[in-house]
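These are the structures in question, set out in turn.
Two complexes follow with subunit A in common, the first pairing it with subunit B and the second with subunit C.
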Partner chain A sequence: MVTVDVVVLGGGAAGLAASRTLLGRGYSVLLVEKEGHTGGRAAGYACKATDDCQQCQVCLVADEARALTGADQLKMLVFSSLKGVQNQNGSFQLDVAQGPICVDPQRCILCGRCVDACPAGAIRLPPPGFPPASASVDPEICRARNAQTCRACVEACPTGAIDLQAAARTHRVRCRAIIVATGFQPFDPRQLPRLGYGRVPGVITAEELERRMRGDPGGLAAFKRVAFVQCVGSRNVTLGRGYCSQVCCRYALRLAARLRRDDPGRRVAIFYMDLQVSGKDVRMRWEELGRGVELIQGAPASIVAGEAEVLVRYEDLRQGRVRQEPFDLVVLSVGMGASPHNVELARLLGLNLDPHRFFATQERGHGSTSRRGVWVAGSAAGPTDIGGAIRQGRSVALAVARQLEDRRHA
Partner chain B sequence: MRDEARCPAVLFCECAGMLSAPGGDRDWLAAALAGCSVRQVRQLCGGQELDSVATWLKQTGSDRILVVGCHPGWCRDWLSPLSRRVGLPPERFRWVDARGELEAFGRVPEILRRRLERAIRRQLALMTAWTPPRWERARFEPTAVVVGAGLAGLQTALALAGAGLQVTLLERQLQLGGWLALPAAYPAGARLVREVAAQIEHNPRVRVLLGHRADGVTGRLGCFRVRAWNSTGAPTFHEASFLVVATGFQSRTTVPADLAEYPQVLSSSQLDKLLAEPTGPAAMGRLRGARVAVVADPQGTAAASVVRGAFRRARRLQEEFAAEVVVFCRHAKVDSAGLEEEYRDLRQAGVTVVKLEAGPPVFRAADGRVTAQVQLPSLGFKEPVSFWFDLVIFAEERELDAATRTLLRDVGLQGGGEYAGRAQLHRLGVRAGPAGIWLVGSCRDDLEPWECRLDAWEAAGDVVELLAAGDRQVLVTVDDSRCARCLTCVRVCGHRAVQVERDPDQERPAARPLAAACEGCGACVAACPAGALELASLSGEGLRAALGAGNGGWRR
Partner chain C sequence: MVGEEKLRRSASFDPEFKWEVSARPGGEHLKTCFACGVCTAGCPVAEIDPAYNPRRIIRMVILGMRQQVLSSEMIWLCSTCYTCYAHCPQDVRFTEIMKVLREMAVEEGYVHSSFLECISRVDRLSESLRRQMLMEILPHRGEGVEIEERDLLTRALRNLEDR
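Coming up: the complex of A and B.
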């Protein structure tokens, strides 16, 4: 039995910020993360600086994560998820199921030899700066493929950190408050076949572009004509997603600026409905964006494969006819949706979901729920950017700290 | 000799040796590391050179070691074996993740350089700091001045009071609530602001001063002094450890000069006045069944709240007065939860939204009507399209007022334009550049009411964190021979950075600057009657000299 003050579910921007704030106030925290490392979605995104910082905020997540290293009141469970909850007069008793941890984080030195050695591609290193600092083996990929006969990684490891026989475990945890920061799920554009995703080579999602730009920006050099398509899975009532995701215009404009900076001769076009940039953002970016990037109003009708290129068909309203333009790469700016696991998690925790299946909070931006002691932060409560997730994480953590203090005095 | 032994040793792992590549210019590095013994290690991450490194460290005699290397698990994990071999406790080792920075920012030498320089300087400063083992916590009363009692200001004042601060709330007007106190603008917001205002009135820790227009500030973190003009035109002064600026915005009319005289042309606040008395003959006569144009954000550069406000007004005109409404805007800005629905309902209610493509419509007034010429190529019109209206409303845009601008200029913040504070990358959106100042609410960005509240909670949380003392840089030193042990410094310090130390050999307790919490504001230096305190800048030699002389520094 582990006893902590607060359990934080999800180690993305919001969860990290909440943990950091609570640790800073002297509370003990257990961070439960579904994947093998913290950082959430944004851990894989690219810095979009051109010659100047573009304030995309991606590096803020790493800053939050780094601030956690060395905190001794922090416990972390990766490959874990919540399986059961019992409420016992004011405190919670949780059952957390953890998948097999095949790499001993104490011994792993992140040399990456196991990654090279694994024939199944089941081993991954965390992105720099995101704890735990340990390689991780995805048991599903590894065991299913090799039926436990392969020991390539075990042999390659210089420190003997890998144990493929490790078993799954269940931890029983007692805590006084729970913060749900389980994040979002990007829209899967296969639901819109006319956009060609999955069928037409050269059509990718913005998330894939982020990853490629982070991992290997040079690999994008071949794409001389790039189009962004906005509002993919946002503002679409027929898909049940009649809301604006609030981040796509901003990240697309910044990605476009970065692409143009890396290769000024490149053509970059953005197909949009309305550009959702306002506030300081507009003041900072509008003018330079107007210069380099083509902004085309209207969503493309369809995207099809050409000979060596991708053809975007759209109605050129100005000339009143359908036009077709070739691009090398078409990026679908996918919106933010609720995670499919929210339904189950809401059932376990006794929470309500809003019509779009995000967690319902009692007050916008505040994070308290209908259940006392359970709080929601970040994009689990609705679309928000990284800065917003961090801010919500912090303010929820402070509210939790206040609640815990009140009880301590009582 | 002793001083030399004190200078930190810096280990550069080869993985971070790539540092020499970008930009080529390493002067900053040399400057940042001035006075340190530096050694490049071939592969600290691999742990191969551990022995020779340990020997070298012993030779330098240094007792503080900075490792510039790669991320956790590699270089950093060798710190504890190394500390064992050198015989120094692990706290004496610090570490900069140069490789992580390099991977993220290597492409942009300027940013990489800035981040690394900051990290290295910070770690070196922290190493020179001494964390006190057994000091007592001094009692002191932190205070805050909040300028502006709109939703953001009210909520911040309430949150700070909740955290135990004494708060002075300065409001220019004679009532609380700012814009949201005008019910026509946004009824839900008005309700919210009434609730918060009611809590403020009963809070003993908040002193509300109405009719006080603040336009100047001097001092620094720990000792701000704000000037405000009261309703009789006399200046008043308010002192506090922290300053929160929550002055919101003032609106700026966008009615073109040549149309300003026409009674058919209104700006949005004039419309709000009409709407505030909807049953009066004036409003009924002019609005019922009228053809109305609402022009909002024609260039696409205005705040989203301008567009949003135009939508709300359009909807009201349509529903309550059966007016026929056309909204002209560049973009339908709906980027906040719930607004998509509002936009949809608006169109379903019958309001026409025309998205402008080539600048604002050209209006001409004649015979009690206004005609508008609009370019609409995307709808297939080659020539400009004409509309006529009984009434044209121009949505007001926003800007900072003059008092806020001078206030911000006084503390070195940019105060022009629409928003306060330069675009700077901060972990927290609300923390202004100079320490001890927070910008909250719509003076800092285009925010919804609920976001203003989030700002408030965040600023208050930040203050609390600062008070709880994080690890920061050493800046203040005490000359023990001059110190009168009056403990004035302990009382004035706004962030618990000067504390009390009892020494059995001394009759009275002494003040000790707590390096880790000091923000370098200088409040204690200014207040010390004996002139025993000094502010050491963080630039290399000066700091080291000060540390050598005083007691704020490293002790063995």
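Coming up: the complex of A and C.
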């Protein structure tokens, strides 16, 4: 039995910020993370700085993570998810299922030899700065491909940190409050086959561009003509996604600015219905962000493969003419949707979901739910940017701290 | 563009028009359009006739250009393929709006009442022609076929008449 003050579900921007705030106030925290390391989706995103910082906020997540280093009131379970909840006189008893932890974090020196040795691509190093500072073996990929026979990583490891026989476990946890910070799911553009994703080479999602820009920016050099398509899976009533994801116009502008900085001779166009760039961060940098980027009003109807290019078909609204233009790379600015796990998690925790299956909170941005002691922060409650997720994580943590404080005095 | 400018200047605007269209079955979602242009970009009629523009027709209805819309040749060009209907992010259901505009054009005397029947006969004929042309090439679908569309059309017409 593990006993902590607060369990934080999800180690992305909101969960890290909530944990940091609670730890700073002297509360003990158990951070439960589904993947092998913290950081969430933003941990894979790229810095969009041109000559100046574009305030994309990606690095702020790493700051939140770094601030947890050495916190002795912090426990962390990776490859873990909530499986059971019991409410006992105002406190909770949780069952957390954890997949096999094959790499011992005490011994791992992050040398990466296991990653190179693994024939299945099942081993990953955490992005720098995101705990736990340990390689991780994705048990599902490993076991599915290699059964019990492959020992390549075990043999490659210089410190003997890897044990492929490690077993899955269930942890019983007692806590006084729960913060749900389980994040979002990007829209899967295969639901819109006319946009070519998965069928037309050269059509990728913005999240994939982020990862490529972070991992191998030089690899993007071949793309001399790049188009962004906005509102893919957002503001689409027909798909049951009538809401604006709020982040896509801003990230597309920043990605476009970075692409232009990396190659000023490159053509970058953004196809949009109407640009949603509220907030002073983008507003103040509008001229700078938009410089050299073609903003084309008109939602593309189809994206098809040309001979060696990608053809985007749209109506140029200024001319009232349908055009088909060639690009080397088309980036779909996919919107933010609710995680598919929300239904099960809501059932376990007794929470309500909104019509779009995000967690319903009592006041927007405040994070309290219909269930006392259970709070929601970040994009689990609806689309928000990285800065918003961090702010919500902090404010929810302070609200939780206040509630725990009240109970202590009561 | 010049023609459009002239139209705009001479237009008499009827603010009731959009309400009337959206009060009819099929016209309900008219006003949710936010003019993204996906309807026009995917329209097979617009592809062969750049003057045909579903987005612009919706704008004209919303602006209240009653007489210009109902007297326009444009509202008769839709082939009711429902591509725009399927693509529309706002579920505007333009194909249904087109049907409403046609009904209103008949009711308000912009076209003769027999014209609707006329249109559907033309539609049937073009469907038959399309089928006939396909029947000409389908037997060769395993080989590389060189299509001479006009020959195909002539043969299809002859076959239709022979029947």
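Here, the second predicted complex is superposed on the first by the 402 of 410 C-alpha atoms of A that agree within 3 Å, B and C clash if a C-alpha of one lies under 4 Å from a C-alpha of the other, contacts with A are read in each partner's own complex, and residues count from 1 in each chain.
Keep this in mind: a contact is a pair of C-beta atoms (placed from the backbone, for glycine too) under 8 Å apart; a residue touches a chain by one contact, two chains touch by 3 or more.
It should be emphasised that the depicted structure is a prediction, and the values quoted were computed from it without experimental measurement.
In the superposition on chain A, A:Asp274 makes contact with both subunit B and subunit C. In the overlay built on the shared chain, the residue A:Ser379 is in contact with neither subunit B nor subunit C. When the shared chain is aligned, subunit C comes close enough to touch A:Ser302, but subunit B does not.
In the superposed model, A:Ser339 lies in contact with neither subunit B nor subunit C. In the superposed pair of complexes, A:Cys231 makes contact with subunit C only, with no contact to subunit B. Of the two partner chains placed by superposition, A:Thr182 touches none, neither subunit B nor subunit C.
In the superposed model, A:Ile109 lies in contact with subunit B only, and not with subunit C. In the superposed model, A:Gly320 lies in contact with both subunit B and subunit C.
Residue contacts after overlaying the shared chain place A:His366 against subunit B, while subunit C stays out of touching range. Counting the residues of subunit A that each partner touches, subunit B and subunit C differ, and the larger count belongs to B.
Shared interface residues of subunit A, touching subunit B in one complex and subunit C in the other, are 235, 237, 274, 297-298, 317, 320. Subunit A makes touch with subunit C in their complex at residues 194, 231, 235-239, 273-274, 297-302, 313-315, 317, 320-322.
Those residues of subunit B lying in contact with subunit A across their complex are 45-47, 70-74, 76-77, 97, 99-100, 103-105, 107-108, 110-111, 162, 300-305, 331-341, 344, 355, 357, 377-380, 417-419, 423, 425, 427-429, 445-447, 450-451, 453-454, 457-458, 460-461, 464-465, 468, 470. The touching residues of subunit C, when paired with subunit A in their complex, are 1, 4, 32, 34-43, 46-47, 50, 53, 55-56, 87-91. Considering their complex, residues 21, 24-25, 47, 49-51, 53, 55, 57, 59-60, 62-64, 66, 69, 105, 108-111, 128-129, 131, 133-134, 217, 235, 237, 242-244, 246, 249, 274-280, 282-284, 286, 297-298, 317-318, 320, 363-366, 382-383, 387, 390-392, 394-395, 397-399, 402 of subunit A touch subunit B.
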